[in-house]
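Here come two complexes built around chain A, the first alongside chain B, the second alongside chain C.
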Partner chain A sequence: MASLKPGEVNLGTTIMAVEFDGGVVIGADSRTTTGPYIANRVTDKLTKVHDRIYCCRSGSAADTQAIADIVQYHLQLYTAQHGEAPTVKVAASLFQEICYQNKNALLAGIIVAGWDERDGASVYNVPLGGSLHRETYSIGGSGSSYIYGYCDKVFREGMGKEECIEFVKNAVSLAMSRDGSSGGVVRLAVITKDGVERMFVPGNQLPPQYEG
Partner chain B sequence: MTSIGTGYDLSVSTYSPDGRVFQVEYAQKAVDNSGTAIGLRVKDGVVLAVEKIKHSRLLVPDSNRRIMTAGRHIGVASAGWMSDTRHLVQRTRDEARNYHDVYKADIPAKIIAERMGMYIQAYTLYSAVRPFGVSTILASVDADGPQLYMIEPSGQYVGYHGCAAGKGKQVAKTEIEKLKLSEMTAREAVKEAARIIYTAHDESKDKLFELELSWVCDESNGRHTRVPQDLVDEAIQHAERSLDEDDDDEMDDDEE
Partner chain C sequence: RAGFKFDNVKRNELLGEKGYGLPTATKTGTTIVGLIYQDGVILGADTRATAGPIVADKNCEKIHYLAPNMYCCGAGTAADTEFTTNMISSQLALHSLNTGREARVVTAMTMLKQYLFKYQGHIGAALVLGGYDVSGPHLFSIYPHGSTDKLPYVTMGSGSLAAMSVFESRWRPGLSREEGIEMVKDAIEAGIFNDMGSGSNVDVCVINKGRTEYLRNYSKPNERVTKEQSYKFKAGTT
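Coming up: the complex of A and B.
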């Protein structure tokens, strides 16, 4: 498995995506670190690869940006050739193909989420080795370790859009308060048939967490 | 319209003064010399049928199949040179496999038709190679439903509800046009396909022939398979009966 090369920046990160009936809510923190230095404290880790398909990036900033660029290109080409938008599954498969075939050279944990005509809302996790997992909700990045218990306890099937937004906001905030590599602001996006709504929660307006 | 293009027909990389590429047209002639192949796209699937002309009684029945599978949900029937067909089907399989490797999904019919069209067209660009002497009929069921394409030696491909290629294509097309394909089921289409092949078959020219039938439909679970033997037998009976009826009609007219 690759480790960060000297000078490479790390998306320490907490990323998350949750499926609901009619769409997905995705969220992430905003901290990028080079060692102890926070290179960017307002990073946007939610990257668009197609009109209704986003990815949440964790791991090496360079690697995930490069991969997302390539997938974005492929999805544009797909749309031109097929005459229709790709499914989230196709997008996730492209991420998987790149991550698996180059597993020795990459450090990328990606969550792909979005909405398409054929399958509706879906969330796919592509962790370090390049495997593909469809999940109702998915968490990733170094901060995710601290919120597995919280998420398992709080998540319920059949949550609506507003509940999912609260779920993501609270979970990511909790991870940010415990993980040194996660912090800053919480960026959210809600993807539905009708479009993408981006939201932003500044650092001083995060849900309060127990700090001892 | 037949005409020889003396001087301009030696190589596929030469146009004639009236804008034709004769080598491609000659390839089409090779297709027209072969046994008839038809495709019928109906409500719940696509049916392929081929008049496999046998040049010897010594041939093992059901060998030398002219309908091939190029991916679980893709069937290929062809008219023309079988050796060229085999090469093209191998390419189709590779393209379908390659698509799946990248996108992890079955290749849609219009995409495989396009890839085949582009491949076949490439052989009309260089004098070092000859065009494929095959018209390829592609049948598939994908997320957009049943689809049928025919790709000609020029590389041009078109989507059809019903198509025919080979010796009896004119007769076959006339028969196909009489059918209401969008209201038919695959089972009904199998019988009609058999009847059309029998009708298009010229007894006086080629005595021995075998009927090959295949389908991709709901009943085959979206997979390209041979039509079950009992339905084939039923279809052949239906075909022979309707030929007899035609003969009877002719006899009645004479007696009048």
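Coming up: the complex of A and C.
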């Protein structure tokens, strides 16, 4: 499997996506690093690939941007040819195809999430090797290691939109304070059949937690 | 056949062992910056080009022309930044003629990132791309591996940390032209005086709606002092 080349821009990262009845809530930190330097402290790692389908990017910035651009192109073509929006499953499958077939050259951990007419809300995780996993909620990136326990304990099936937003905000925030490669601000997006609502929590307005 | 040929790798390794190492590519060491101000974007760059510890060029031009409304600062391997920007500039000119429209900054950004990604970081071009098109002013940083960031102020090169400290303490939205140019000048000078890979003069480029001003050697804080003596030899000495 590939590893970051020296000097390559790294998305370090904490990313997360949670399904609820009627939509998904996705969230990410905003730090991009080259070695010890923070190249971008306000990165937007939640990338649109279609009107109601977003991906959360972690790993190599160059690889994930290139992959997302290619998938966005394919989904645009799909819409033009089929006359209807693709499902989240289709988008996730495209990500998988690229990540699996080029696994030796890529360093990309991607979470695909969105809403479509056929299946409603869906979250798919495409980790490093290019496997595909549909999950009710998913976490990824270097910062996710620190919040597995928190997420497993706090998550419940049947949470509403507001509860999911708080869950994502808190979890990403906790990861950011423990992972050096995650930080900055928390970016969130809520995707439902009515559209996409983007939210933003500045670094100094994060939920209170023990700081020592 | 396209792509790099690695046939000479073994030969070069052998030569290296015998003491005939490869010449180092001229690097621009460099401090390059860009910022968005009220009416557009301002780009800045130092003018030192290095080959290892030697200054190869004391007054090189690191702000490259891409289109009448777009310029690109380049850090990293000098040849790579020069040829890459020239190539995309050429493609943009054809694109503009083909579409009948002024080129957009995102178009240049996409062409550059896809080209650099294809070469997986082997083309050492780190760029600060700025311009003004129908959708307003835009500023991007582009890394050798092909990732891009869209930001209101950016710095790249070995002097980027010195320059960024200036921006982080002073940048705010809605800067005037004078404030913007002064800030860019100060950021580049921070690189010139605190980074050994950067030096000599400050080049500035101001791009706003319908107008671009390339201010070559806007500031020259390192001019050589007048020599105290004349070292001219009498005609006929040799």
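Just so it is clear, the second predicted complex is superposed on the first by the 212 of 212 C-alpha atoms of A that agree within 3 Å, B and C clash if a C-alpha of one lies under 4 Å from a C-alpha of the other, contacts with A are read in each partner's own complex, and residues count from 1 in each chain.
FYI, a contact is a pair of C-beta atoms (placed from the backbone, for glycine too) under 8 Å apart; a residue touches a chain by one contact, two chains touch by 3 or more.
Here the structure is a predicted model, which means the values were calculated and not measured.
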item: Which superposed partner A:Ala39 touches (first chain B, second chain C, both, neither); value: second
item: Chain B versus chain C as contact partner of A:Gln81, first or second or both or neither; value: first
item: Contacts of A:Val201 with chain B and chain C, given as first, second, both or neither; value: neither
item: Which of chain B and chain C A:Ser60 touches, first, second, both or neither; value: second
item: Comparing the two partners chain B and chain C, which touches a greater set of residues in chain A; value: C
item: Touched partner set for A:Leu128, first chain B, second chain C, both or neither; value: neither
item: For the chain C and chain A complex, residues of the former touching the latter; value: 110, 113-114, 116-117, 120-121, 141, 143-149, 151, 160-161
item: Residues of chain A defined as touching chain B within the complex; value: 78, 81-82, 87, 89-90, 93-94, 96-97, 118, 132
item: Residue ranges of chain A in contact with chain C within the complex; value: 5, 7-9, 32, 34, 37, 39-40, 42-43, 60-62, 65-66, 69, 105
item: Touching residues (chain side chain B, partner chain A) in the complex; value: 101-105, 108, 110-111, 114, 143
